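Some structures to go through are shown next.
Here subunit A shows up in two complexes: once beside subunit B, once beside subunit C.
Showing the complex of A and B:
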């Protein structure tokens, strides 16, 4: 419910003085890699939805777990049913801020390093995070890029004893998204 | 006697190899790409599906999440994703839409034009600002 209220508030006041205040994507990309000596398991999802209000830095990003694509059917089944339990926890979310964005002149092209501060929720468990994000301002768009690590224990993801050597405790995650100024429908 | 023993050993080896190949084939089979051959659990208008998700996401998830559903609506846009698959969005009254990513072999963009009414079958992945269907096939 909190997420819904936040999204509605982020959709309000799209323009101030004709200047875009909200930037949006529905096609953000997230990739994960679980590397172990026994096997590498990876998956990607290009349906990440995110909205950023550059007037106050508030941001919401939503990742649908069932929209991840894993190359192998067995890995896909275990990912959804055993580890992420996507029927019970269909989405992962980031709700927070990119505070430095408010101080940037987004009419000027250039690359910046900003911090994402907020709550990352995966598998129904939430953790506060503080993560560096590379932000490129180009052709009126904001291109965000960030790599980080997720410790699966922090999010209550358990791995059965017999396959423990095949799933990494710490999973590498990459996120790329291009946010465009939001238009009135 | 010796000949028979040899025969049995060969038989065991060949059977073992066949089972081995089958098990490896099963474990390493690729994820199925399309839901074309799967039966839809529900058929409804795209606007109705979006409305249900916007009204009560939890209830809509209990009905559709992970299931194959067929949606009918007017195409508002067709784009191609980074794997060159067609992504169809349906017309709607709200900011959100129903977004369907067609599987590779179905991605014949020329069949999909804005303004036409189509029915698309796909697996429901849930709701962001849009209802997202993946592994989709064009029904008609």
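Showing the complex of A and C:
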């Protein structure tokens, strides 16, 4: 009898574990700004996909490089062809953890500061990162907000000699995403 | 004992399931993501192949200032510095009303003409959720001679000064190294020099661009032109061979060609030099892109 209860509760746990533990978005926003005295080059992408498993804090985010929109004329071509080489490296990813998330009560609305730890891969190169993220719990959704800097050298992005003063070595990146509870299919 | 076995199996299962869920987070996300439409970028480096326009367009608010220049033929001899004494040029502005629609206005020294065009994209090469094997752009060009004609009747006539070129530019980027372009062309000239000259000329342009380095390509261009020789004049197909180099906002094309004209109606229909007889000249285009985006 005891065993039966145990097994049932185990399966029940598995079942619960599979539900509403994951938050997802497909319309996350990422913005970058390369500021130099000569020229500001920026771009944005609102098709960032991310998933967060709040049961263990695991997180994966995927940014499709070709989905960036650059308002400067011909900049998108340079961005894709010369710098990001998006035919060879079509996406940037973050695979890691938000460990503090497991300790949060996500049923209560509020603002938290958590850390994102993991591997950021851009242009086929990976770097370990540790980054503060503002997390707002509102109406059952998780709104993540994060500003950081990317040193393009770290990701093997090279700038031709003659345009060195037009492309920033350190690019400012802003990320905003609203993750909603994932519905099981 | 059986009970304990089942229990440990269940725990093992649960554990394995938990592990799998973590590993599969990325797969799960990929599964949720809709397949994107991946547009092809950089089929050509600039809006021009060499003489011919390419399927590349400026992005919205882009303003391109372009100077095209051609020297005289090498065969003109030492007294003319092998052609470098002669020149003709085109100064033009191109503007992007939309990402898919560019217009341009220029002034060519040859025939003292004004050259206007509109260029719009019908199809854009893409893979992924939408597969499109080629990019397709329409180029409509009108060339207006402003020169003074000695014949008063001829000089008064305005409509006869127009020559029109319509082109369908069809291009495909093959992998990362080679791009090719087909340019079916129709030229209509309102007035031609003699009765023996054709008013309508058809041509087919063949172009290729080969990547040497990220921002350097070798470009080739040939036009197969409908025969339109007259008893006094023999016309040749224009053949051009050159390189295209690009910096952040400048593009340069330097090439050798047997065509003298710069505007479409001229270099396609009025090439009177034979490439294979060495009657070639050096030509170059320089363009600078500005952005007139009010948000910048």
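By our rule, the second predicted complex is superposed on the first by the 166 of 185 C-alpha atoms of A that agree within 3 Å, B and C clash if a C-alpha of one lies under 4 Å from a C-alpha of the other, contacts with A are read in each partner's own complex, and residues count from 1 in each chain.
One rule holds in what follows: a contact is a pair of C-beta atoms (placed from the backbone, for glycine too) under 8 Å apart; a residue touches a chain by one contact, two chains touch by 3 or more.
All of these numbers come straight from a predicted model, not from anything done at the bench.
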{"item": "Simultaneous placement of subunit C and subunit B on subunit A, clash or fit", "value": "clash"}
{"item": "Partner chain in contact with A:135 - subunit B first, subunit C second, else both or neither", "value": "neither"}
{"item": "Which superposed partner A:30 touches (first subunit B, second subunit C, both, neither)", "value": "neither"}
{"item": "Superposition-derived comparison: subunit B or subunit C, residues of subunit A touched", "value": "C"}
{"item": "Subunit B versus subunit C as contact partner of A:114, first or second or both or neither", "value": "neither"}
{"item": "Partner chain in contact with A:166 - subunit B first, subunit C second, else both or neither", "value": "second"}
{"item": "First, second, both or neither for A:82, with subunit B first and subunit C second", "value": "second"}
{"item": "First, second, both or neither for A:95, with subunit B first and subunit C second", "value": "second"}
{"item": "Touching partner for A:152 - first (subunit B), second (subunit C), both, neither", "value": "neither"}
{"item": "Partner chain(s) touched by A:46 [first = subunit B, second = subunit C, both, neither]", "value": "first"}
{"item": "Subunit B clash site on subunit C (candidates 41-49, 59-67 or 77-85)", "value": "59-67"}
{"item": "Contacts on subunit A seen with subunit B and repeated with subunit C across the two complexes", "value": "7, 11, 24, 26, 47, 49, 51, 62, 64, 66-67, 70-74, 76, 80, 86-87, 90"}
{"item": "Of subunit C, residues touching subunit A in the complex", "value": "3, 6-7, 10-11, 14, 17-18, 21-22, 25-26, 28-30, 32-34, 36, 38-39, 41-42, 56, 58-63, 96, 176, 214-215, 247-249, 289-291, 293, 295-296"}
{"item": "Of subunit B, residues touching subunit A in the complex", "value": "26-32, 57, 61, 65-66, 81-83, 87, 94-95, 99, 101, 123-130, 132, 134"}
{"item": "Interface residues, subunit A side, partner subunit C - complex", "value": "3, 6-7, 10-11, 13-14, 17-18, 22, 24, 26, 39-40, 47, 49-51, 53, 56, 58-60, 62, 64, 66-67, 70-78, 80-82, 86-88, 90, 93, 95, 160, 162-163, 166-167, 182"}
{"item": "Sites on subunit A touched by subunit B in the complex", "value": "4, 7, 11, 24, 26-27, 29, 46-49, 51, 62, 64-67, 69-74, 76, 80, 86-87, 90-91, 185"}
